[in-house]
């Protein structure tokens, strides 16, 4: 569906078409909504409310992928076929990893969204990202172990799927290199009774238990960890998800050390964050974990187009403009690393106070971008 | 005159399909963009692919009476085996495709020869079990091969240049169309072969076939393997169309979708599964647009909420077809012709006599 | 003598196919009324239409009340016991369960049934699907006898029964008919001759003849014309 | 009837279900071209015996030889391939297939499994063979009707047609006349007679119509409580007082 | 040792959950021959209704569970009256209609309450743990086991003490013949569907307790194991389903823990395939 949202009063110049391929429906629709709101806010902010770059109005087209890569590829092909040279979106990693190559084959710019897979970084010349990646999560988690990791024991509790395996590998790479012993308790992704795994994680007596968990069994996991009294035995670290998920931690919430990509107000109200919050609030919604990903994507698009004087014809010029670009984003200072298009950004250490519906996050510590930067991956194609 | 029309009418739609890539006809509502545009061709190609897959699946369901809940496994095998042959063995595409289809056939032969030892609902559940095992394996990402829930995208450098890039979407469309024609030819030809005649007998009353001196097992296995091979080749085409292998292809939902397509169109009919596959795929892609359109957003909540979920619409559509068009859409013309709707006395009275009664 | 059941202009169309085009039939308030006709004449369909098992038009009046529009279970509850042509036993249920399903009265007549068919008592726990053909037939007839019915409809009840049992069933029917009228579809004309008072003959979905059974069977010419048989009930085979 | 080696030989054949014997110790030799009729009260085990011979149930005791070969352990389809054909007491057909398709499929199956595995060929119509059989069984005018819509008598005829087109050497008929109207009986009897006399097939038949049997059968086998009570010429059997009492009663 | 005890207890709890989900399915499948693909959706309806009642409805857990069960039963009756009943003459279409409902209902729930899991209220009495031979076992597992036993007992009584089981079993074989015995078979079918739906909804509400949350896909996710259990147990045998549930729960729990790659669900699948190949009619050997 094409939904033109550019402002019409910017003169007669040809519009620039930007395509968004993201989850409008399906299991990730909540993320998709945040992303879209963020993007719109970012577009308004970066174009200073004109909705136009160098006099060319920016026209948005949305394609729903419903979380299905096949639909995403069809949507992307449809947009590219209609002459769109700038794509953004991808709420799910599977989508980003399928759409990225399509963008490269057709030499169009693609800015991946909340998809966290590390593989998106360095995927190809034409693919960028506007969110954080798993490696940055891991680095943030590692920060909880303090300065000296030597001889400490770290256990990763994760699901035995690509996401979980990647997390284990990353923790081994990060903390193993610093001298910690890292082991993993991997539960089958479909397991519903997690009590034994909670028990197993506790029995290993780690100094730090890193929980990398996604999906519907999260509540069951936190219940099991509470019931097996894991919090008394070790420090538990995990990533904080969107606001709707806070109550799922139950009473465990206040005992967990969270690493965080973003929550509303996390950045301490810098000018950009205020702009985003205002815009999103005005649109009748609230910023959440992935709102900045949309906002940042819009900033990147506008910057690239500005550098090319409002033309999207030369993709290489757009790529050039973005590589190495450093700017003020919602979370603070962001840098697009030239070598592999990783987005260097700060991360947060967070605590929850209150339980259930009353749970509120608060920043304990802001981790500077270079402390959580992923290693450079060679560009694949 | 009408006899000629009756025999040759499929040529009409075929000519239309052959002309599609050269046409700039806008079909507002049906397609988002003109007929020959890459986006439309991509969607059409997917529709044709699923039409072919449903037709191949109906070889089991409608022709032989085998209700398999695991057909997606052979589709996914063709898809992943081809992709991995390129990624891991660096085989060129053609060789990888052959390898992929061969893998599907081999797997269908292996699992079919085990699963067909039981009949009825037990067979359905064994196929479901095998397919579920396959889906779990793909999800588990063994040895980093399948990429788990992220999947693996196809290596563009090993694909022929004429199949890469948006400007070549028409080529993908031709491949999907060719695959469809091949599938239809195989299905129709085999169904009217001596073996197909035995399939019909098995579908209606398996024990009675045995009494004629034929062992149903072998014939069912042939059907299973042919259908598995067709599904595998569908997997290859899917790889080209979507540029990668993702685990959704192996899920039990994928088999269920095939089942829905076949039933929508009309199981056991010549064109029904094709029709069902095309319609379902089209609806699955286009209903999303309807669901998220501005027109829906303006409705009151009681209407907006169901309408904004494509699956609600699809489920409701499916129920409506089952309910109002027994036998699927392909039987609609016949029903209209006979001028009577609603009465289904014959289907009730001629339901297969259970074997236990037949030998009482 | 007003008939117990009277059927007028009964028509049945299945899948656009006209199967009955106007059957008229009276069942006498006592004795056995036979429904005769060649294979495919429409006897079974007539009976099924009376029972409401196929869509039908026309009138069916039982004891002065129209039952032509009632659903099957209501028709049965008006007091009609039905033994269908294919016996209609439930293969997956035991003999006892088959009988238990048919109970409608507070005091079902098990003694009667068990006296007539001791086999059914002995095989109570056997699955009806594994009964021999004749034993299944006993179940079907037994079910109609359990309740105090006003009318019993039996579609070829002696099919597949051994000669001795046929004789017994004939006796049973004759005895039952003393209290409850019976509508009997039958190919065995010897049996018809023995038990039936009235008869109706169907041909091609229509009533071709109504009258006294014995008279019809005695009239060689009419019997040949209507039923295609000569004097002999079952044909003598010339060596 | 030449007295060559028996076509079919049963030795002490028995079948029991959960310890209850249904068929007990049946021994019998059937000569080439012979016609044996089976009678006996309902539940005597006639159908069960046919099920044992055709392989629907595996025998729990004894052995079976067809043309000298031991077939006791062979499955249904293998026995059918040796030329054993049967009909069922309750019609057992393919309700959705047309009458002609039934006969075609049977003809194809009779040509051996190879003929049926030709997935790349178009199914031939077995023209004259099929037409002849339909003609012989009086089904020609209903050739394109689905079997499910046939009347009871039609179904019985179709059972026979499916059987006959395969030209089996040994034929088992389970109450082929049951429910067939009196008018049609002579034609069916004639059909069975011609298969037996003119084509020289060996026939075993269960039937309750005594008068039909008497003109057809060479020997009469009486079954009672799962055993073979008597096996003799029709005249001798009919004279037997026990048979009279156990089975015939007062003839109707 | 205490790991074994823990695995056994939680495995039994899991088996109880499977039984709660599968019992209604088994009843409907065994008696009505409808493989009810909407069963998972009924489960979700029960779960969401209980969740809503406990939260927005302000009923508290102990009222919310019966409320959820009631709503699920209502949904089942509606489903039967509107969709299943008109399709009595077309058994395959009945199954397909439930497939459609199974697709649409969870999507509708998603449309109303979103795709994300919602925390399910845990009454304090059930949130704790019990020490058993050194293992710390969550209390709610015992609640599930108790509920499963009750449902098993109730269903067995229903089948043994009433004529309905008989009517419906006969009705599946030959509906017309049952009506020809003077029985209104439709009422019996609706009743059975209602009971099956009630079992599903109760299972859904208690699944909320088990998972600590509800989400639209929960019911459908459990459905596949419920199928496995029903088929393994032998169609229509509630007791068989109970035995199979326990077997599946224990195998899954032990295999998940002790095999390196967590092969719990794979081993269940293999178990099913092997069982069916050895005993095609399932544990109880009843005919389908």
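In order of appearance the chains are A, B, C, D and E, and numbering begins at 1 in each one.
Here is the rule we use: contacts are C-beta pairs under 8 Å (C-beta built on N, C-alpha and C of every residue); 3 or more make two chains touch, one makes a residue touch a chain.
From a predicted model like this one, the values you see are computed outputs, not experimental measurements.
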item	value
Minimum number of chain-to-chain contact steps, chain A to chain D	2
Those chains which touch chain E and also touch chain D	B, C
Far-end chain from chain E, centres as C-alpha averages	D
Inter-chain centre distance, chain B versus chain D - centres from mean C-alpha coordinates, in Å	44
Gap in Å, rounded to a whole number, between the CA centres of chain C and chain A	78
Geometric centre distance via CA averages, chain E-chain B, whole Å	30
Set of chain D residues in contact with two or more other chains	47, 89-90, 149
For chain C, residues that touch 2 or more chains besides their own	91-92, 130-133
Residues of chain B touching at least two other chains	136, 140, 308-310, 346, 349, 351, 354, 356-357, 360
In the complex, chain A residues that touch chain B	1-3, 24-25, 62, 64, 66, 68-71, 73-74, 77-82, 93-94, 97-98, 100-102, 104-106, 117, 119, 160-163, 165, 189-190, 381
Chain E contact footprint on chain B (complex, rising order)	114-115, 117-122, 125-126, 128-130, 132-133, 136-137, 140, 252, 256, 259-260, 263, 305-306, 308-312, 314-319, 322-323, 326, 344, 347-348, 351, 354, 356
Interfacial residue positions of chain B with respect to chain D in the complex	189-190, 192-198, 200-201, 203-205, 207-215, 218-219, 222, 226, 346, 349-353, 357-360
Touch list for chain C against partner chain D, complex	17, 37-40, 44, 85-86, 119, 130-135, 137-138, 156, 159-168, 170, 187-191, 194, 227-229, 233-239
Touching residues (chain side chain E, partner chain B) in the complex	35, 83, 86-87, 89-91, 93, 96-97, 99-108, 110-112, 173, 176, 224, 227-228, 231, 235, 261, 265-266, 269-270, 272-273, 276-277, 280-282, 287-288
